[in-house]
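Once you scroll down, you'll see the structures, which are given as structure tokens.
There are two complexes below, and they share subunit A, which is joined by subunit B in the first and by subunit C in the second.
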Partner chain A sequence: MEKLSKEEVLHVARLARIAVSEDEIEKYQISLKQLLDDVEKIKDINDISEDVLVTPAFEGCKLRSDDEVDTTDFSKFKSNIPHSVGDFIEVPVMINE
Partner chain B sequence: MSKYLDLSIRELHELLVSGKIKPKDLVLEAFDKLENSDLNAFITVCKDEALKRAEELENADKSSMLYGIPIAIKDNINTKGIRTTCASHMLENFVPFEDAFVIDKVNEAGMIIVGKTNMDEFAMGSTSQTSYFGAPKNPWDKTRIAGGSSGGSASVVAGLLAPIALGSDTGGSIRQPASYCGIVGMKPTYGRISRRGLIAFGSSLDQIGPMTKNVYDNALVLNSLVGYDEFDLTSSNREAEDFTRLIGEDIKGMKIAVPNYFISDIVDSEIKENVLSVCELLKENGATVDFIDIKHLEHAVTLYQIIAMGEASSNLARFDGVRFGYSADSNSVDELYAKTRAEGFGSEVKRRIMVGSYLLSGDNAKEYYTKALQVRNSMKESFDEAFKKYDLIIGPTTTTVAYHLGEGMDDVRKTFLDDVLVIPVNMAGLPGLNIPIGFNHEHMPIGLHIIGNRFEEAKMYKLGSFIEKELNLDLKVKEENHE
Partner chain C sequence: MSNYKKTVGIEVHCELKTKTKMFSNTLNNYGAKENSQVNTIDLAYPGSLPLVNKGAINLALKAALILNCKINKLVCFDRKNYFYPDLPKGYQITQARHPIGVDGYVMINVGGIDKKVRIHDIHIEEDTAKSIHQTDKSYLDFNRSGVPLIEIVTEADMHTEEEAMAYLTKLRELFVYADISDCKMEEGSMRCDVNVSISKDDTLGVRTETKNIGSISSVGKAITAESIRQEEILENGGVIVEETRRFDEKDCKTILMRVKETGNDYRYFPEPNIPEFEITDDEINSVKSEIPKLPDELRSEYRTLGVNENNIKTLISNRELCSFFEKVKEFDPIITSNLITGDILSYLNKNNLSLKDIKLNEDNLKELVKKIKNSEISSKQVKTLLPILMEKGGNVEDIMKEHGMVQISDDSALQTIVDKVISTNPESVNDYKNGKDRALKYLMGQIMKESRGQANPVTVNKLLIETLNK
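Entry: the complex of A and B
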């Protein structure tokens, strides 16, 4: 069965910001290859439109006026933050990383 | 044993308005059934909230047709104060602080939320087996899938645990489980219902829609869900309309088309026979039925893989362990992102994000994504041409009936192929409706897919209701099947 190389799997995982274990790499070598083979078929499709259809919003996309408005109350938002200190979101040290 | 929940919304409305029953009676029956159900259709139930709401409604205005009716909500639709998991470990403990637009509408119409339904993780799948909480079961045969991704919602309605459920549909996720479970499911025109508060999967494809036991009920619920929302830039600002208004009208003179691809060899022969027999019924009643070609239907799965996976990789980038959701122990930001996403997402979601990220990276974006959008436009133009000549397009909703739990789990392509007949509707932004039209030799439901032109849902309900009345199927699952 054709499969991706280990390096190719690690490249794709890096793009997606997803850690993969050694055990998973072997599975992804096959399953990602199957899906990437499928999407290759797009290259063989002919008789297509010059224009693209990005989103089928037929009445156009309506933007709100560019005015200042109240944003979400931080105290409500805070309840779902995994790690916080006071009114700050806590993340790993980034300086000199 | 059903006392009230097997009745139509109209029948329940009469009982509620006359005072013969109270909203609390429906809520208590729903919880009596769902607490004893082994369908695994719910992720979270809201008994205390539902009973409180039922009491509040006792002295409220009863004029809404949906007053006091229990409803189940797919667990990717935000509900204030009620956890919303997307069937994922990533959001296992996420409690929204705002309601989605449709939840405001549900509340305005006087409905009572009884719980959040099971689904494929982040709506990615066609069987609901990618749920972190285990798969919901099909009430017609509990060894089979309920379909996906709105499998829990379909199971709830078919299992008579609630008369209404909301689903979401990115590539058939309302219509396909509706077909597998023998219920009515509508994916409205893109923009018809605001997506605000629906946790995004494929933003150019996602739509929320109603799932019900019959066509009239479905149209009633759609009436309550539509409306302009300034916080969804794709929301339609069309005036409200009554989607039940054409139900009961004669179908004589209606022009119906069936795409040849929809009745090709990819479809199981019993399903094909049922669809062709409906075509005969329509012709006998004065409609015309022609067989036509629509461009690129055979490429629907490839388009979906590129567009949906690309959009998913972008939408799900927000799950980084910082602001909400699961957060892995880590010593650096890079490690936080990678470990959180590795541990928080299931394998189907991770696979799709990885492929989507690859497709959108560097020159690939033009080679795959832009090309897919050109094919998509071409498919949409072909539908446009067809709707210049025809009122509606029909075909089977699925290529097979619901299959057994666990079947095909080792084939990563199967989940996409299951939706081959329903994906084109999302690509073109059209409305699609599933209605039950029969059973196969194992007594598993078969569905008909009715496709309308943009914003012509009322016409679809007219045809759907006519077929429903003529076929007069017994769509009630035997009680011992779902208790």
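Entry: the complex of A and C
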């Protein structure tokens, strides 16, 4: 069965900022290829007009006035945040990758 | 001297001066307590939907018009996909297919030579959260998440550090005067990424992008450092790799951040949650009508009014002073500009104040200028009066009376003082008669002293010469 190269899997993993083990690389070489093959099937649809359908909503875009202000109390979000220091959200260090 | 020619293109991100964010109605409020200006959209909660801020669209449109761009009336947005903790929804909403403005230009002047820097495009996007990095953790503040940005991308038209700095200075000037952005690099409301390549001929070399440059002067230093680095590599037989670097201010060198992600890696696609819409001609005309006089027009106008180049430079570089000057200049622009860029600015700088902190206003400054023009107050008295006016405010006439500054313009009263000074200074009178001009200045000084600075200098000068020549 055709599969992605190891480098392609690692490139996708890097873009997603996830670590993958050697075992997982082998698995994703196959499963990601299956996914891409399914996406390729879209090309078989003949009825694609030149205009890209971005949204099925035809009511146009409702713009908001810059004067409408509404802020939510941050404490309401805190229970969903695994780690925080004061009101800062703490995450693993993300520089020098 | 290097055999290599530098080529520079610049990408500038400017935060728009809106009240609320680009796609959510939380406040765009720099300096607020961390994570106090957030809602579900800023925090990328599933199911939350963006709602476009009309004010941000208008400011971006204004910027595109000022930069002489062709306007894309069809406004639509795209997703730029990448994952980072400061962008939890996994994509940034931007304009990849139809930037609001394309094919513009900015005129700069370096060493007396005008040059056109072409603008490839200007597009609207949203800012990410702000990150503070520690050794093993990063800390996020989502107040910045969703702040409206415009990114201005130039063509690779600049070839020297001076041209790059002149372009950025001009861009900042334009946006500050048009009230589009604060453009404070120290606060991050203006951020520059500089693309640099070098080549021995007219072909373009491989470029690198240097990010996070903290000031316009540092942009010049970063271009120098990066072009030297590239030259060393090429001279040693190496090849330049397309990569993202950052500028280390301390060591004055660029440091590798990462090998660049390519356009494909971002998997751009149309943003399905924001239907496209059109900007009408009426809306464009309305925004055009809001564009105030811009620095080049002001410079030219001030030159015509006779204001000297130093004063023009000082006024244009300080928008607050310049706006004040605009309101008060009509009576005598030269005297007014001298006062504003001289004693007034010096007082503000010395006391670390801005115009809004002092009591000087349009009316009392105009009154003062009128008195100076009519020689009703001496320059020495102005130096005493101005600090009082700035500190306490009030009416110029009243302050002059209160501090004994009302001038003696009555000829007979002044003649008495002139006669007295002439009779008590025979040597100076002789010196004057023997052609020594300095003696006249001395006698003038004595008269001013005798009148405790209250003699009208123009009248005194006239009376003194007449009396001496009798």
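The working rule: the second predicted complex is superposed on the first by the 82 of 97 C-alpha atoms of A that agree within 3 Å, B and C clash if a C-alpha of one lies under 4 Å from a C-alpha of the other, contacts with A are read in each partner's own complex, and residues count from 1 in each chain.
Methods note: a residue touches a chain if its C-beta (ideal position, glycine included) is under 8 Å from a C-beta of that chain, and two chains touch if they have at least 3 such contacts.
Please read these numbers as outputs of a predicted model, since none were measured by experiment.
Peer 1: Give one of first, second, both or neither to describe whether A:Asp38 is in contact with subunit B, with subunit C, with both, or with none.
Peer 2: first
Peer 1: Based on the superposed arrangement, let me know which partner A:Pro92 touches: subunit B (first), subunit C (second), both, or neither?
Peer 2: both
Peer 1: Which partner does A:Tyr28 reach: the first (subunit B), the second (subunit C), both, or neither?
Peer 2: first
Peer 1: Where does A:Glu59 make contact in the superposed view: on subunit B (first), on subunit C (second), on both, or on neither?
Peer 2: After superposing on A, A:Glu59 lies in contact with both subunit B and subunit C.
Peer 1: Per the overlay, which chain contacts more subunit A residues, subunit B or subunit C?
Peer 2: B
Peer 1: Tell me which partner A:Glu68 touches in the superposition: subunit B (first), subunit C (second), both or neither.
Peer 2: second
Peer 1: Need the overlap of the two footprints on subunit A, from subunit B and from subunit C, as residue ranges.
Peer 2: 15-17, 52, 54-55, 57-59, 61-64, 72, 77, 89, 91-94, 97
Peer 1: Which bits of subunit C are touching subunit A when the two form their complex?
Peer 2: 18-20, 25-27, 33-40, 43, 51-57, 75-76, 82-86, 131-142, 258, 261, 265, 270-277
Peer 1: Taking the touch rule as given, give the residues of subunit A at its contact with subunit B in the complex, in rising order.
Peer 2: Result: residues 12-13, 15-21, 28, 31-32, 34-36, 38-39, 41-43, 45, 47-59, 61-64, 72, 76-77, 79-83, 89, 91-94, 97 of subunit A touch subunit B.
Peer 1: Flag every residue of subunit B that touches subunit A in the complex, lowest number first.
Peer 2: 94-95, 97, 190-191, 203-204, 230-231, 233-238, 295-296, 299, 301-303, 305-306, 309, 313, 317, 320-327, 330-339, 341-342, 345, 350-351, 353-359, 361, 367-368, 370-378, 380-381, 412-413, 416, 427-429, 454
Peer 1: Touching subunit C in the complex: which residues of subunit A?
Peer 2: Residues in contact with subunit C: 15-17, 52, 54-55, 57-72, 74, 77, 85-95, 97.
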